[in-house]
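Naming follows writing order (A, B, C and D), and every chain is counted from residue 1.
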Amino acid sequence: MAWQKLSRQRMAQLVVDDIPEGAYVNLGIGMPVMVGECLPKDREIILHSENGILGMGPADTSRPFDTDLVNASRKPVGLVPGASISDHVVSFAMMRGGKLDLTVLGAFQVSGKGDLANWDTGAATNIPSVGGAMDLVVGAKQVYVMMEHNTREGEAKVVDRCSYPLTGAGVVDRIYTDLAIIDVIDGSLTVRGMVEGLTREELQSLTGAPLKFAAQVAVLKN
Amino acid sequence: MLDKTVATLEEAVSGIADGSTILCGGFAGSGIPTELMCALLNQGAKDLTLVSNNAGNGRLGMGELIAAGRVRKMIASYSRSVDPKNPNAAEFAEAYVAGRIELECVPQGTLAERLRAAGAGMGPFFTPTAYGTQLAEGKETRVIDGVGYVLEQPLKAEYAFIKAHQADRWGNLNYRFAGRNFSPVMCMAATTTIAQVDEIVPLGGIAPEYVMTPGIFVQRVVVVKGAQ
Amino acid sequence: MLDKTVATLEEAVSGIADGSTILCGGFAGSGIPTELMCALLNQGAKDLTLVSNNAGNGRLGMGELIAAGRVRKMIASYSRSVDPKNPNAAEFAEAYVAGRIELECVPQGTLAERLRAAGAGMGPFFTPTAYGTQLAEGKETRVIDGVGYVLEQPLKAEYAFIKAHQADRWGNLNYRFAGRNFSPVMCMAATTTIAQVDEIVPLGGIAPEYVMTPGIFVQRVVVVKGAQ
Amino acid sequence: MAWQKLSRQRMAQLVVDDIPEGAYVNLGIGMPVMVGECLPKDREIILHSENGILGMGPADTSRPFDTDLVNASRKPVGLVPGASISDHVVSFAMMRGGKLDLTVLGAFQVSGKGDLANWDTGAATNIPSVGGAMDLVVGAKQVYVMMEHNTREGEAKVVDRCSYPLTGAGVVDRIYTDLAIIDVIDGSLTVRGMVEGLTREELQSLTGAPLKFAAQVAVLKN
């Protein structure tokens, strides 16, 4: 049977389905932004932005752009009722202090032990720029990664050992890719969901670290 | 729907186990969560460690808990009564002199910083306060650029008891004047922060820029009208 | 009479010596003291170290200072342009690639904490952030209860450039929404904090409970109407 | 010629005269409270209280007692225009961070090197209670002490070495007593003012540490 990669939209929806009501969540730049766009209006999920906004919502497009209401990607945002503003010191205390229930981040690589590399590819021409990623991964109660299972060149992004500089060691709890949902449990990988039609052997061959499989592996469809 | 309000003081203090550490907001009679402490007296938890700037504000609340032998240890900056003629911490003094309660005396700013370190997810820190004094004895020290520092440890707790002015159902809080004192940092340093408030306002009733404690630091809210 | 207001941007940035370290508030385009940085361009100070979350917000202000070769070193958490098609830090990138500027990359939360340690009169502190990564290389580390920590140093400065919303003549400040970001902690960490504000209000015009930066942390205030 | 001790009122006035306009000042409990009472209404001296009040003034006695407006001695206070409220973390950052221009404290003993003992007499029955004194003395730009020159029993309070537990080592900048004003400079004492009629020998005999004398020693009168 042929298999299809999950769409980004579907990946975001799978993440949303796993976020409990009332959770405090920080969404990283890139793919995780779609999680915010998929949140149903009737659910109270409280979005945190590192620049001190807790309770971020969509920008009011009927008003002119307000530079004092932006997210970390410099995009306009709004405040939902119940929102609060803090300075950077308090905002990062929330992150490092274990108050955020969840952060969803993009990644270059995740290792079989849950090491995360998402801030620098180590290229000589890179300007080192870490932002808030290292604070998020040490503090958030759960760290989810959303990324494609393989690079465009077909290389595994789930690897035995990250070749890129680490953001944090052993920090990732769960990986959502376009092929699978993988939990990091006690330093090893357990698949809890796979796209329809993909075999375990095929998934392992596309993955750079050894996989275990949960008793119940969900079948993921677009 | 996220709703942190609870209906009664009894519910607010439910589940607090023997041996818990509880941060108690307040300074010099302002911002004292007296009714929460009274509710804890009824709830029955014992072998407690209380963290508070002062060791009581009259008999009600903390004084009663201490008199009832429910407090094993006090962590405070100023445990004496300010005015011996009208003592605010008589029950503590009696228990302390009788050897029934342990005291850890912490400089007031170091107390705030130790709570902040815990709340902000930091490890230990070097502070110049108390260097060269007996309150630094036994602690790691370091001299940097000619200034002496003492290594102090984060101070976290299972619970914080807080008195605030207004709250919404997400737990956003504000405080009146100097009723603020230790409360914001204690909200951050506890796993479960329980706030007694004068009133609940609708979500959005506290302007986002004027929220003094964001709701993420608060787990339970209970209204106490006409609090002490 | 205590009056921290000055009449002109020129006066606001007077006396800044070559080799100074300047904290520059702002994050992602909000709360940027652009006009103060433009005034510094005219003032002429060079060999500067700038501390800012980002390494520019378009050419104006920081970009011009960097392009003019006036900045020796940048301490920042995110110096790349967020959007390569519309780069906010092109001048920094050019100077960095050409080896004309030094960069110290600091995790954003650690940057805030290092400033806070300086502003609060603390010494170094242990933080879990960056433990086990290349940003911890060469730094003292410690493992406590199974958690790894990195020892980080306070980051103080001669000056802070701040954009705030309102001020009074004692230097009390408030900020609009996320324009707050690093500004309060930078006000604390600098010897001389210079704030550009939208307007001056009478003493008492900012309610005591809603002052976001107490005037004790601010030394000069200048009005800039219609700031970038 | 006979000499008279300065009154407390006069001592407070001498301190007030030395406070520059616009200074941020923390006044300790006990004798320093009188400094606040002596401040002329036309001067802008900004009083700090450790419980987060900056800009403390007299309480509005026409209103009922507000427990949320008190100083560290639990006494009612007011807020002057330009006052601000902070939490304890920020309030103590002002103190330790070198932002207060001056603190005036009472003392049990001050040593010739500027060591201060003002929190505990070391008596076995004492309940150790330090409050904010140790934070103040490490941070305030200037630490002034106001105290009687001798105890009721006639013992010197300016001593060679404090016998009581220290609040801070080498922290005192100036001592105002009912007999003299003494600067602590580079770890030794220099008298800059003495009550009228007192000889240098008499002052030294009432003092437990060696005194130097400034080129100009002011004559202090009640």
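What we mean here is this: contacts are C-beta pairs under 8 Å (C-beta built on N, C-alpha and C of every residue); 3 or more make two chains touch, one makes a residue touch a chain.
Bear in mind the structure is a predicted one, so any value in this text is a computation, not a measurement.
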Shared touching partners of chain B and chain D are C
The pair out of A-B and A-C sharing more C-beta contacts is A-C
When centres are defined as mean Cα positions, the distance from chain A to chain B in whole Å is 35
So, in whole Å, the Cα centroid of chain B is separated from that of chain C by 33
Rounded to the nearest Å, the gap between Cα centres of chain A and chain D is 56
Rounded to the nearest Å, the gap between Cα centres of chain A and chain C is 29
In chain A, the residues touching two or more other chains are 79, 85-86, 89, 92, 95-96, 138-139
Multi-chain touching residues of chain C, meaning two or more other chains, are 113, 116, 120-122, 127-128, 175-177, 180, 208-209, 212
Contact graph of the chains (line, ring, star, complete, other): other
Touching chain C in the complex, chain A uses residues 29, 49-53, 66-74, 79, 85-89, 92, 95-96, 125-135, 138-139, 165-169
As the complex stands, chain B meets chain A at residues 1-2, 116, 118-122, 168-170, 172, 188, 202-204, 206, 208-209, 211, 214-217
Chain C residues touching chain A in their complex are 27-31, 53, 76-80, 82-83, 88, 92-93, 96-97, 103, 105-110, 112-113, 116, 127-135, 175-185, 212
The answer for chain D against chain C in the complex is residues 21-22, 24, 44, 46, 48, 54-55, 79, 81-86, 89-90, 92-100, 138-139
Seen from chain C, its contact residues with chain B in the complex are 113, 117, 120-128, 142, 144, 147, 149, 174-177, 180, 208-210, 212
